[in-house]
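Paired with chain B in one complex and with chain C in the other, chain A is shared by the two complexes that follow.
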Partner chain A sequence: MISLAGRDILHSWGKFVLTGMGLGLLIGATLTMAGVYRGMVDDAKVLLTNSGADIWVVQKDTQGPYAEASSIRDDAYRGVLGLPGVAQAASVTYLTMQVRHGDTDERTMVVGFEPGQPGEPAYLLAGRRLSRGHYEAIADVKTGFRLGERIRIRRHDYEVVGLTRRMVSSGGDPMVFIPLKDAQEAQFLKDNDAIISDRARTAGNPGLNRPGVPGLLDAVNAAQTINHSVNAVLVKVGAGDTAETVAQDIRRWKHLQAYTRAQMEEILIAKLIATSAKQIGMFLVILTIVSAAIVAFIIYTMTLGKIREIAVLKLIGTRNRSIAGMILQQAMGLGLIGFVVGKISATIWAPAFPKYVLLETADAMRAFAIVMVVCALASTLAIRAALKVDPATAIGG
Partner chain B sequence: MDEGIRIEGLSKRYGAGDTAVDALKEVNMSIAPGEVVGLVGPSGSGKTTLLKCLGAVIEPTRGRMTLGGEVIYDSDDGGWKTKDLRALRRDRIGFIFQAPYLIPFLDVTDNVALLPMLAGRTNGASRARALELLQALDVAHRAKAQPSELSGGEQQRVSIARALANQPPVILADEPTAPLDSDRALAVVRILNQMASQYQTAIIVVTHDEKIIPTFKRIYHIRDGRTVEEAGEGRDIS
Partner chain C sequence: MKLPFSRRAGFILAGVALVAAFVWVVVRSGPLAPVRVTVTHVARADLAPMLFGIGVVEARRSYLVGPTTAGRVRQVAVDVGDAVRAGQLLAEMDPVDLDQRLASTVAAAARAKNAVDTAAAQLADSIARREVAAANARRYDDLGQKGFVSSSVTEGKSQELKSAEAQFSGAEAALAGARQDLARLNAERDGAQQQRANLRLLAPADGVVTARDAEPGSTVVAGQAVLRLVAADSLWIKLRLDQNRSAGLQVGLPAEIVLRSRPNQVLAGKVARIEMLSDSVTEERIAQVSFDVSPKDVSVGEMSEITLRLPGVKQALALPNAALRLRGGKTGVWVHAADTLSFVAVRAGTSGADGAVQILDGLKEGDAVIVHSERDLVEDSRIKVVSAIAEK
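And then the complex of A and B:
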């Protein structure tokens, strides 16, 4: 038996392929939206993995350092280091800020870390690690910085000595790593006018500028300009110890909040990315409905254009199921072309997105199944119209 | 007379009560195998209704129809004798329309071969049958062409081949020459006569076409749902 659907597609393949391509671009957008969500989740996981930590120690009753502000003393790591099972512990700071690059500002997350300790970027694409105590930086390639370039953070210039990748904040801002002391200073560094104003205000306070206490004013001024806070302490657990046990000890004895890798992942993915995920989910639902409407409309229009032929086919004895099959196969064919075009399109344009887009095979398989089901459902309207065609309409008046 | 198709007391009423319309009233017809008859009448006289009843696409209100000696409809005995009217149309009735209505996405061969395929014959046998008919109708050289590539006359010949594909005992032709000029119209009638004779098929030609009416040996005039049989001129067009 002749494949009526196949012949019809071959007969008007140009129209069919163009329609399929249009649908494909829509499916490509849908796949990309799913990829954006997967990319966010993957970025979060990579961020945790590349930090090299097993436990994140943050301010009590907070979910820092990525999900909310956390501030702890910069000597807190010493107490943590003394606990059993802790192999390494180091302070880190995180601060989202604009970094001056040439004539433009780049939005980045500036990370302060101690070289050789947890928090240091796991690997470099190019360049070297920090070797000096100040004014060197390692940047994620997404910043667009190049080796040897100078960038300005607050009032200081930093030389980019290394490049890393896949180190972005939960908001998608690429990271710039600088020495911890520089980062602490950058967090609270005021402009010169503000410093002069603060000093004058302190000097004008008789309680802080007593005539009989030399050096008090200088001490107060020094205390105001030095920052002893960090956002978190990253802990590496020794071999043979579990992160959960060590985290429990930290919570009990140090009055700090400690999160294991699994808990931090939960915070990042289930809480921080949750709203974005819902947003993307809504887009996916809308795009799926739009795709279904388009397929239904196209197939319906194509069927209406063949009403006379369908009447003739029915009159000469073609079964209803053959006609329904023809329409269904065309809808599925359209879906198949759309899916192939969509997958190729998404693969081509995904790397051009500013944030990481992860196209997973499992998502593609799911999308294929959904596209086929949607196309089958969308064809029902056209099938209904075709089955209602009276074969008598093929005969005269 | 051997029976190609026989109609006895066929009536068709649309609607009911005060608004009822009797489109056909006690129509009687009989066409022998190999015979071509004309069915003529003004618009609204009941031609199309009669064709639809004969074509098993609408059910008559009353009467009896016999096809190839077999009763296919009897209002006094339960109506249609088969539930599968689709198969009845496919296997036992051929249709030729005013416009050829060829399936635009099938080539000429497959337009003709589709019917035997629908009847369950193999693709090879169906295409062989199609080529045989296309040859008989002198359009075999266009076997691989698409319908849109054919002239009006060629398209009509292909539609005649399609109507003959399952060797039906009767062919219903609805204004088959309407879109054609005189020469082509007469050519189509000549072909219908040849095919009727060659395949022993009864052919009923519904027409308004004054050019072809004189070619019929027998004509049924239909007016207000009633038919009157009269002898035609039977002009020789061979």
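And then the complex of A and C:
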């Protein structure tokens, strides 16, 4: 038995393959859109994974440090460290800021961390970890910085000694890691003009600048410039304890808010990126519907274009089953080519996107199934049209 | 109908190309893709550890110059930046009525001196009177014994002599009293002069004026500074070191000092003093670093970066610190042997300045260890060893 579909495709394979490629690019766009959505969710998740923490301790009644501002004293970690079940606890700061790189600004999240503690990048792409207590930085490769380059953050220059990858904020901004003490200063230090005008303001306050009390003004000024705040304490739970029980202890006895990994994920994904994720998701749904419609129309018009040949087949007594099979096989073939081209193109252009695009295999499988189903459904329309054809049209009737 | 060969071949070629591209895509990305890693071998190396901290230039000796009693500033003779010598007049307080009181005590002392002279003259007078009275008494005594005069006259002369002697004693006492008065008033005068001198604020040592806190006319309380001085040759740096990176700190360690005003110049110094108390709030240790050669034009309060070189460890097993990973609460490295990955817990020792870290146990020389990786690794990660991951 000869394959009608195969013969027909071979007859005009260029046209067939080009149609498949066009279809593929459309499927590629849809796959990419799914990847953008997944990437967004993944950005939020890697942020949590990379911090290496089981519990996030933040200011009471806030949902910090990522979704809301949170500020706690930098000695809070000592109290947390004393609780049973806590293996490690370290202060961290997060500060989103524009960092100058050559002539352009890079939007980055500056993380202050303690070396060897939770919050440190887990792996490096190049270079080394920090070996000094100040003025060294590890940058995400997406920031565009290279080893040995200097980053200016507020008042100081930091030398990039290590590069890492996929260390991003929930908004997808690449991270720059600097020692905690420097980060505290960068975050809370005011600019010089503000400091000087603050001093003048204090000196103008008769209650704080009393003639009979030498040294009072200096003491007040000194107290105003010191800041011992951080944004959160990251806690690693020891073996044998659950994060939830430790978090409960912290909430109850330390009067701080504590979130476990599951709660943090809920905050980030359900609250922080919810609207933008829904936006993308909505667009993804529309794109899928549009793609399905276009696939259906292509197959339908492809069949209509061959209506004379089908009439001839009917005239020579080909069975309806064979004709239906031919159209179905062609539709499936088109879908297959489209999917393959789509997957390839999506993979090729995904890294060029400024934010992370995550192409999941499960998504690809799902897309494959949808493409095949849509092709099969679309071919039924075409089959109906083909079977209704009057064989007389073959001879110009 | 036979299809031309080229058409069939073209179709097959296109199909093969598509399949090949698909396979390449599947293998290159997604969960099947290998993780690119760099590998190094555990080797022996010299480790040169260092301590790094930031410090502020301070003066070892600084002076607050101010009055010992409350008063008004009359004159300030020097300005910020002036170099002064020990004993130089810096400022003067308003004496108010002290000059008049001084004049009064001077006059009183002069008058007391006159009183002494008067008492001395009276003493001389009483001596003369006593001598005359003694001669008369002797003479009348002789005459009385010879019976030329009545005994009442003799007794009268004898009484005159006693009276003259008493007057002499009185004059002597008056002179001593006048002298004591003179000494008292002299002391009072000297005291007033001292007080007057105390209003002149003098430089306690050679130095440079760093602050002029009060201007003429302003009132200051006792102990408040009018001027501040520092000894310019006593500058050193107050160094703050993170407590967890301060092991090995000791007096005499050579230091490399980079001042913020001259970032490209490294000045030599050494640790001069280590403070027993560390800052418990900032968790920093505090030490003082002195310059080997005091630099010119350095400002007090300037920030500086200090690098201290510690005695190194020779020929220790070492790895780059990027190889160390934290996994399940343990520090370790990924060992790559016979195409399999295994996580080996290690104990890290001294860290070198260049990022190398000493491996105390867990590995042996020549072990291949993953340094950098594109992703976090697990036991069954497929890896591809490359020389460098990040594009240059």
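The rule we apply is simple: the second predicted complex is superposed on the first by the 374 of 397 C-alpha atoms of A that agree within 3 Å, B and C clash if a C-alpha of one lies under 4 Å from a C-alpha of the other, contacts with A are read in each partner's own complex, and residues count from 1 in each chain.
As a convention for this text, contacts are C-beta pairs under 8 Å (C-beta built on N, C-alpha and C of every residue); 3 or more make two chains touch, one makes a residue touch a chain.
As the structure is a prediction and not an experimental result, all values here were calculated from the model.
J.: Based on the superposed arrangement, let me know which partner A:124 touches: chain B (first), chain C (second), both, or neither?
T.: So A:124 only meets chain C here.
J.: Could you tell me if A:200 is touching chain B, chain C, both of them or neither one (first, second, both, neither)?
T.: In the superposition, A:200 contacts neither chain B nor chain C.
J.: Please work out whether A:13 is in contact with chain B alone, chain C alone, both, or neither, and reply first, second, both or neither.
T.: Touch status of A:13: second partner only.
J.: Scan A:395 for contacts with chain B and chain C and give back first, second, both or neither.
T.: first
J.: Give the label of whichever partner, chain B or chain C, reaches more residues of chain A.
T.: Of the two chains, more chain A residues are contacted by C.
J.: Which partner does A:319 reach: the first (chain B), the second (chain C), both, or neither?
T.: In the superposition, A:319 contacts chain B only.
J.: Going by the contact definition given at the top, which residues of chain A touch chain B in one complex and chain C in the other?
T.: In chain A, positions 10-11 sit in both the chain B and chain C interfaces.
J.: Taking the touch rule as given, give the residues of chain A at its contact with chain C in the complex, in rising order.
T.: Listed in rising order, the residues are 9-11, 13-14, 17, 52, 75, 87, 120, 122-129, 131-135, 141, 146-147, 161-163, 165-166, 181, 211-212, 214, 228, 236, 238-239, 337, 340-341, 343-344, 347-348, 350, 359, 361.
J.: Okay, in this complex, where on chain C does chain A touch?
T.: Within the complex, chain C contacts chain A at residues 3, 7-8, 10-11, 14, 18-19, 21-22, 25-26, 28-31, 38, 50, 52-54, 219, 221, 223-225, 241-242, 245, 281-282, 305, 320-322, 324-326, 329, 351-355, 371-377, 388-390, 392.
J.: Note which residues of chain B are touching chain A in the complex, please.
T.: Residues 43, 47-48, 51-52, 55, 57-58, 86-87, 89-91, 95, 97-98, 101, 103-106, 110, 113-115, 117-119, 123, 146, 162, 172, 174-175, 206 of chain B touch chain A in their complex.
J.: Which stretch or stretches of chain A touch chain B in the complex?
T.: By the definition above, chain A touches chain B via 1-2, 4, 7-8, 10-12, 308-309, 312-319, 322, 390-392, 394-397.
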